[in-house]
Each structure stands twice: as structure tokens, then as C-alpha cells.
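Structures follow.
Both complexes below contain chain A, partnered by chain B and then by chain C.
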Partner chain A sequence: MCVRCEISRRSLLIGGGAAAASLTTGVAEARVRPQDMVSLIGPGYRPTDTDEKGLWQLMDRAEEEIAGSNLLIKDPGLVSYLQDIIGRVGGPAAKDMRIYLAHVPDFNAMMFPSGFAVVFTGLLLRMRNEAQFAGVIAHEGAHFLRRHMIRSWRDMKRKSDLFAIGALAAGIGGAGAGVYLGDYVQLAQLATILSLFKDSREMEAEADAMGAKLIAEAGYPPMEMSTVWQQLIGELNASARYRRKRRERGSLFDTHPSPEARMADLKLDAQEMTVPGRIYDDRRARYLKMIGPIRPMLLEDQVKLNDPGGSQYLLNTLALDGWNGLLRYYEGEVWRLRNRAGDDARAAQSYAVAVAYPDAPPEAWRWHGLSLMKEGRSVEGKSALSRYLQLKPTAPDAPFIRQMIG
Partner chain B sequence: MRKSKILLAATMLPLSACSTMGVGEGADFGLYTLVRTRPTSVGNGSMVVTPPRPWNRQRRFFFFDSVRWVEDWTLNGPYLDGITFVSGLPSGQYLVRQRRTDTQQVPKFRSDMTAPEVTAMLESAFRVRGGAIDFKTLNLQPRQFLGYSGFQFDFEHLDGDELWRKGRAVGAVINGRLYLILYDAARSHYYANALPDFEAMANDARLKA
Partner chain C sequence: MRRLGIALALALSVTASACVQTRQYADVQFTPPRGDYRLLVMRPDVTVNSLTTGGMSQPRADWTEQARTNLINALRTEQAGRGGKVLVLARRNELPGVSADEIAELERLHYAVGQSIALHKYSGAALPTKRGKGLEYTLGESAVSLGRRTGYDYALFLYAEDNIASTGRTALQVLGVAGCFIGFCAPSGGSNQFAYASLVDLRTGEVVWFNVLQTGSQLPGVKFGDIRTPQGANQMVERLLERMKPGREVRQAQAAQGKEIR
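Here is the complex of A and B:
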């Protein structure tokens, strides 16, 4: 039950794949309505059936491993903020669900069958406001509230051959028994194992509908749910297009509705959940205040991966709420790292614009200065570099920059 | 750089197991060769270093992922420590082999790069190829290398395997080509253990006449 798995699995539905998939499935399904989505578990839920108890035991061990990982960001303010959001949109299980923030520059969030969620920092970077983040969390939480994992687990045991079940159990056992080493690739594999739990369009539609209901009840604009999916799919497409390839395909058996159909459903959900006269708040200001201190780090993690298509799309998306010095600086970084003919001039321009903003990071002055010096504008360049050292006297590269200033 | 080769080695082992020629024992398929304590040319042969104790040279797989100006050594295995030599990488080349369609790429080297740009390129290499999720520059200062004015770059990084590693690179751009020796090791114990070897080699490295 993970965001990224869902998107990659849906990828082949883009373009020609969409027709093929709708042909194979054949039947048009009725839309799941948000108002029909009630939680199937109450507060303090514990499993009583043997198979579910066993699953929870494995998951408890996986959680122990994850909780001890040094890839987790443990900033108490930030973690309690995220916990607070899950508390707002977690329905009856609001107090039972746990959330872990892993420092991984990729967008993903996953819900485990025993009610804990792992969120990657790359997801925080991509959310424009609290409502969007709450939407993803509500969708994931809905899988737990609707008992999707145990339902599909049982469904699969009923349908599949023994070998498949054995392999799956071994995978989960491995994850629970400490084979998980904290490597985020392995964590992603864990997500893949989790993704085997679902694959049902019905469950995804349920989670979407229930997510929309939960965030609307919490006072967030329900339309943000569909905006999130649009942003995430748009970025994957932009990244793939840039490298001149198709978006990567997920599993062979893709049972998800096309993004377009899903988007349409989410919009309908949002309309139905919107109560006329009620004021909804996306809590953007609060989100930015809480994320602000780590936002430069999040951008650094993304941009330094030198994925120009994805990073540009992301910066432009964040800039829909207004450009600032930080975003302009990282725009320059995208060009500089891309390093094609003419990119140095593009980067130089972005740095020059960035330093005109009061919130420009000190590093914008460094690269502005270095760009000017490469253009032969040595006096202005040195002055910008001096400004960098003034803003960040303890910069680790200060000895080298001082030599350049001469 | 090093890790991608390990992955490559791992993918090749099954090949040897399938081989009808019966190859597959470590010796024939050795990933490493011994480097003795005498002047040794590295990379494409244009740089010479003298290791103070024996090291292990990682075998290069041409046509797969290696670049002829780049060579890797290790003392205790590539997960624990390693030295990478770059012997005159020309402008427009990459430190690693990569496909044009790779989503994330190590930036290209250009002859007009300043030290901060070279170090940013190295950082991206660690993030893209090494799986570093946190990377800290500890220091960037001027330092002579091969008789030219160059730089020393100190850094540490947390990788996806939850281990903190620490490294130092000494390099210079000479006649538009990048010359560099990069040391990277597990931060606890291993870094301090082989740093003197690195320093000795960085200090007496020379260009082949």
C-alpha cells in the first residue's frame, strides 16, 4: 500500500496502454462514493484471528528495525507535527497510527498492515501545503481503516498457488527478521512486498474516496487530493521525457484505473465532500513554517541527483505559489549540474536573480560570484564571493574561496 | 564508482556459474590484483604513485562500466575503504560510464571547472552512484598536487546502508584535464587507518614523463 508503487504500476496506462488495459478489464466499475466509506476498525484495534496476529507479529519486528534506523529524521518538532496530521485524518485509528520520516530523496509513503506509516523526505519536498500531505496520509490511513492488507492477504491465499504465497511470506519474514538493513533500496523492496497486498482497483478507489472524506472532515480542501496525484504523475512523466524514454513500468499485471479516470473520480469526490458555506484551509503557511528549516536540505537532496527533467518540473510546481530566492538558487543548480552548452549562462542568470531575493541562501552568492568570475567579471565576482563569506563566515570552503578572492 | 562495480561483479557471477567452460573459481575470475610497494602507474598510465604498503587493485571491466582514466584500489574491501585515481580525465567525459537514459546522472567534467565545481561533481557521484543520502563538505582548501595549484576536499556522507563514510580528495585541473586521488572509507576506524597511505601517495604522485 504505497504511493510510489501505485503510480509506477499505473504507468503503462499512459498513452496506448490505457486502451489495452480497459480492453482487458472490460467492465466499467461504479465509482466508490466517499460517504459510503466507513471505518471497519475502531480505536485501539488489535487482531484476533490467527493469521492476522501472525502478520502483525512480523510487522512489529519490521517496525522495530525501521524505528532504529539512522536514516530516520528524528527532529521532535517535525515528527510531532506529522503525527499531529495523521491524528487529524486518521479517523478512529488516529491515536493508534505511527509515522516515521525516513531521509530518502524519493517520493513515497507506505502504510504497513499493523498501522504504521513510513514517509520519505522526498514526499515532504513535493507537497505544496498541509492539505496535500494530509491527503496522501489519509489515503494510506484508509487502507488500514478499511482492513485492505489483511483482506487482500486472505484473498491472495485463496487464489494463488502455494509457491507464490511461500515467496511472499519469505519476503515479509525477511523484512521482519532483520534482513532489512536500512538500505533505502531494500526499504523500497519492502514497499514492493507491501504492494503485493493490494493490486485491487476497488481498494485503491476506496482509499481515494475515504481519503477525500477524511481530509474534508478535517477541514482541508478535498480537491487537493487530485492535485497531488497530478503533480506526482506529471513529475515522473517530465523526468522520463527528459531522458527520452517512457516512464518506467511497474508490474506486468496492472489493474489500476487510468490516471485520467482516477483524477475524474477524485474531482467528483471532492465536489461531493465540499459543504457549501464551509471554509476549508489548506494550511499552507503552517506547513511551510514547519518544513521551512529542512526545505533547503530537501531541495539539495533532490537537485544534486541531477535529474533535470524531474527537478525542473518540481521547482516549477513549487513556484506556482511564488518564486523565491531558494527556488531560484536551485533552478540555477539544476542548470549547472546539467552542464550542456549554454547551461552556464542559464545558471548564472538564475543565481543573479536568486541573490536579489532577501531569502537567497548564502550559497547563491557563492555560485553567483563564481559565475561572474568565469564570465571575466572578476571585480563583481569577488565582491559576490565576499558577500558569501560575510553571510557564512564558517563555510567549509572558506579557505579556498578566500584564495580565489586573493 | 566502486559500488557500481561491486554490483556489476555480483551480476556477473551467475554467468560464470552457467559457463560450460567451468570457470567460476575466484582465482580465474579475480576481482583484484596485488599492488606492490613500488612506483605504480594508475589509470591510463599517466600518473605514478608509490603505495607505502601493498594494496589491491580492482579489476576493470572495460565495455561495462569503467572509464580508462579511472582506477580503484582497496585495502580491506570496497565497503570499508578505497582509493580512486583519476589520471587526466578530458573535458566532456564522465567519471563513470552511464547510459544516456539513466534518470539520475553524474555530471560531465569540463576543462574550465573550478574546484567548487569539481567537488560538486564528486558529491553528485556519491549521491547518484553511491546512494549517499546525506553529504557534508567538511573542508575545501588550496593544496599543491603534482606540482600544480590544486585543492583538497574533505567530506563525509551517510549511505543507504546506514554507514557513515568519510573521505578526502586531492586534485588539480592540468592543461584542461582532471587529475585526482580520492580516498573514501568507513568513518570509524578505517578512515584513520589508511589516511597515511593516501597522504603519502598524494604527496609523491607524479606525472609520467
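Here is the complex of A and C:
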């Protein structure tokens, strides 16, 4: 019956390429509207289905391990502050969700299927006010409220089942008819995988929309969520530019929509969610007061990542709310650690400016003093160093500095 | 005819791949505990999954609980046969004078050491410096200190996983093997088990004995003792722990003694 019963690889590739291209360009992913996002669970939710019960049991074990991890920051004041925020923007599950703060200097937060979230310290550093932080928490909480994890698990299960059956049917059918269908099977596998990533991106879009709704209802300015993405895009670009690379572009295998798309959608969400006449408060002062005790540590972690482009952008972003001694000191540290030609002079300048602020850390006086000594201004240098010793008499290098002052 | 021949050959090789495997390593000086010893069984890490048609492992809370209870009972019976006194930890804070954090630390340390044993003894990445030395790993001072304070001689770490093929998966297996007869063989994995046991001497801190059990088949319907049932759990504990061999030097000494007597 067939004249040439083989499937042309070329036609297959062209077909596959066209199908793949239509996924990215042809069909734009529609924006999810915040008002459509209602919680799918109520307070005190417990799983009733077998698969979800199994997942929760696994997660309980994971939570036990995470809760006992020595990476966690357990400062009670800070933890109860974070718990308080999840309580404000957690919708119906506000009282059920738990939050853990892990000492990892990256921008990230994640939600687990049983309702606990892990937040990295790098996120705390990057947020300029409580509204921004609440936005990220609300996004994570929305994953739980919309039951995203069990939904994606079921989706994956259904699709892998269908694929296994389809592949076997194609194999047996093909063998019976004497045709090799392996290429189609591979294409189907790619399509299955791509559809899983696409679903993941749709859920992220849902979480963004619902997050905007939740923080607006809690009285935070919803536009701050969009600003978070604007800041992240800026940081990624600055970091890449310094390394003379381009920031990674989106692909079909992304689990999240691109930062640009999220920023744009969140801006529209915020406009929709803003009620004219209502007063929104970003609670910046309270946020800075609460993270104040660990902020030096957060900045210290960041400048040691050896990412001068990103660190510098970050400091400038945080300084949009006003420079202070701490930020200026770490600006100096970025230059000093980068150590290119002229960086020592730049660093010296930052230290000099830092010590003019009342909140300059003792180390700013140390490096200010050492920079002055290096320039040959030893009298001023020694006076700065003695200020350092005065502020931090138990510094590990105190005997050494004392000897230098003579 | 030729096609049938291939199908038969494949079917045979499929049968051959259905198996139960254990492989144990011991410290060269190891003698299996007998008589009056005290054994602390760390919280057994048990998971029972349902294997979906597409091959994903879906955790089942009820099956897992059932299997854990069965395995603990089987373990108690097995150890009573050897004469030991056993405490099975159900929670981390059960031992008087030992904090839950300390137990957690020891569990994590053992996890790391166990990974290393798995890599260098089982996965083929053998270390030249460890050749012919039996099992040479230790949990160090933290294990010794636990033993000193609690009076236990040994600690046993146990991990067990059972993946039970769902009806859909079994059907897929049947079709995959049936396909062999028309020239399309697609055998896929069905129910399988993975378990390991690790014995730590709390007087020296050393891991003195380690055993890994693996079962699995590509033939549909083959089961190797379902740990959701007491019989299956007994079988797993027996496969893992019953045939505990002494270390090489102890075996050689025993052999030499045997010759002398003769």
C-alpha cells in the first residue's frame, strides 16, 4: 500500500519546530486577572484525597528536617515578624502557614505543598519595604491557596500516564503495521514535557495575580510587586554586563514567566487592584527596623558573592531611599574587593563618606584609617583607627591595629 | 520463526532481570552481635509508593504507616531471636538525657556517611586506599558519646522503600511483554524495593556492617514480599539482617580454628 512508508525526518523537524515556535510566539499567555483568583481552600485545611495525603506525609518529614537545619536564622523577633506578615497576606490560610528563614544570600522564596514557606536571607536584603516583602510572601501563599502543587502533581501524573500508554500503543501498532513511529513518540515526549513547563508558568502567573490581590486587600500598595521585578531585572542586567555576558533569555523550558512579563502583568494587576481614595502604606520604617540587626550580615554576604555588578546595582537601589553609613561602607567594600585599577581610591572615598554618617559600622573607621595611612596621611589615619578601637575594643585585629597606631 | 526466537530470547532475558539482590560489607574485625547486647534502632525511614502507569512514584501515607509498623514488629522478633534487648525510636526525643537535636545530627551524619558507602562500595567508584579493608567508616565521637550516656552497644539505621505497581502499571507491563511476540518489546519496571541497614558499634563509633537489598522485576505481577503485610515485612527484615556475616579476619580465624580442631 505504501510507496515510501518512512517518515521524513525533515518534515518531522519542520513540523515540530513550528509547533514549538507557536508555543512561545504565536500564542501569548493571557494575563490572569486578580479578581478571578479566589482561594480554593479554607482555614485549617487538611488533605482528604489519597495522593495529597501521601504528599503531605512526605512534606511533614521534609519540614522536620528543614526546621532543624543549622542554615536557619532562628532570631525569635525576626521570625515572629515574618510570621506576622504571612498572617496578614495569607488569606484563609493565614493562621496555618509557617515560614522559615534560611541563611542563603540569593533572591528566592519557596512554598511547600503542606503550607510552609522557606525564605532566603538574600530576599530580605533586596526588599526595600514591607510591601515588597509581603508581595513575595503573598505570591508564595497563593501557591498554597490555589493548591498548585497537588494540581501540578496530578497533571504530571495524568500526562506521564497518557504518554506511557501512547508510546506503547504507537510501538505495538507500528510493529504490527511494520512502521517505525519512534520519531513521533519522541515528539510527543517533547510536547508532554513542554506542556508541563507551560502549566508551571500559568500557575506562576496565577500566584502573581492573587498575590497582588492579597497585598492590596492588606493595605500595601500593590504596585510594589511590579517594582520588585523591575529591581531584579536591573540587578540581573547589571550583573551580566559586568561579566560581559548577556542575561539569560527565556526558553520553552522556563518554569516561571520572564521577569519582564511578570513586571508588566503585575503593573496592570496593581492598577486594577488599587481602590481610588484608599490609603496604602508600604511600612518601610517598620521593615527596616525589624531587619536592622541582621542587615550588616546580609550586606556582608552579598559583597562576598564576587558579583560586583549586581552588588553595586543593589546598593544603589537600596540607596534610592537614602544613603547611610552602612550602605556607603559596603559600597567601599565592593570596590575594594573588586580591586581593579583605581578601585582603592574609589573605596577610600566611600569609606570617607561612610564615617560621616552616625550609623557607620566600626569597620568603616578601620578601612577609612587604613586608606588614609596608605595615602600617607598617617596622623588622620591613626585618629580614624583609634576611633575604630574605641567602637570595637574586642576586634580580633585590635592588638595589631594598636601596634600600628604606636 | 526467527521473530518468535527473538521474542523468546528477550522473554528469557526479562525473566533473568527479575531478582532479589543483597550485598553486605563488614568491618574486617566484625562479629555479628549475639547473646546479651543492647541495640538502639534509629527511627526507621520507610516509604511506600504506588507506581503510576507513567512510572511516577506516588507516596501513600496509609501504606507507609502500615509498613513501618510491620517492619518494626519484624525487627523486634528478629532481634529477640539473637538475644538482644532492643529499643526502636519512634520519635527523636525519646531517649532520656539525649536531645532531639543530637539524634537529628547523628541521623544526618549517618546519612552523609551512608551516601559515601553507597558511592564507594556499591556504585563502583571504589577507593584504592580502602581496597581489601572491608568496611572502614566511622561516625566518630558523637556516636561513642551517645553509647556512653545511654548504655547501648549498637545503633541500627534502617531505610526501606517499596514501590508497588498500580493496576495501570501492571497492564502496561503485560502489554510491553506481549509486544515481544510481534517484534516490539517494551518491558517496563514494575513493583520494586530498595532497602538498606547499617550497624554502628556505639563503643567505637564505627560502621561495622552495611547491607543493601534490591528487588525488582520487569515481568508483571512478580512480587517480592509486600511490606504492607507482616509476612512481607518479615521477609525483608530476614533478607536484610538474618544472614549477617562476620568480617574477613574473623572468618579466617574461624577457618583456621576449624582446621586445628580437625
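Just a few scattered comments:
Keep this in mind: the second predicted complex is superposed on the first by the 331 of 406 C-alpha atoms of A that agree within 3 Å, B and C clash if a C-alpha of one lies under 4 Å from a C-alpha of the other, contacts with A are read in each partner's own complex, and residues count from 1 in each chain.
To be clear about the criterion, contacts are C-beta pairs under 8 Å (C-beta built on N, C-alpha and C of every residue); 3 or more make two chains touch, one makes a residue touch a chain.
None of the values given here were measured: they were computed from a predicted structure.
In the superposed model, A:L55 lies in contact with chain C only, and not with chain B.
Shared-chain residue A:K157: touches chain C; no touch with chain B. In the superposition on chain A, A:G122 makes contact with neither chain B nor chain C.
In the superposition on chain A, contact is made by A:P105 with chain B only, not with chain C. Judged by the touch definition given at the top, the superposed model places A:K304 against chain B, while chain C stays out of reach. Touched residues of chain A were counted for both chain B and chain C, and B has more of them.
Contacts of A:P221 after superposition: neither chain B nor chain C is touched.
Listed in rising order, the residues of chain A touching chain B in the complex are 69-71, 103-105, 181-185, 239-240, 243-245, 301, 304-307, 310, 336-339, 366, 370, 373-374, 396-397, 399-401, 403-404.
Partner chain C is touched in their complex by these residues of chain A: 50-51, 53-58, 65, 68, 156-157, 159-165, 167-168, 171-172, 174-176. Every residue of chain B that touches chain A in the complex is listed here, in rising order: 100-108, 110, 112, 114-117, 119-120, 123-124, 127-128, 131, 133-142, 151, 154, 158, 160-162. On chain C, the positions that touch chain A within their shared complex are 47, 49, 52-56, 58-62, 64, 100-101, 104, 168, 172, 175-176, 178-179, 182-184, 186, 188.
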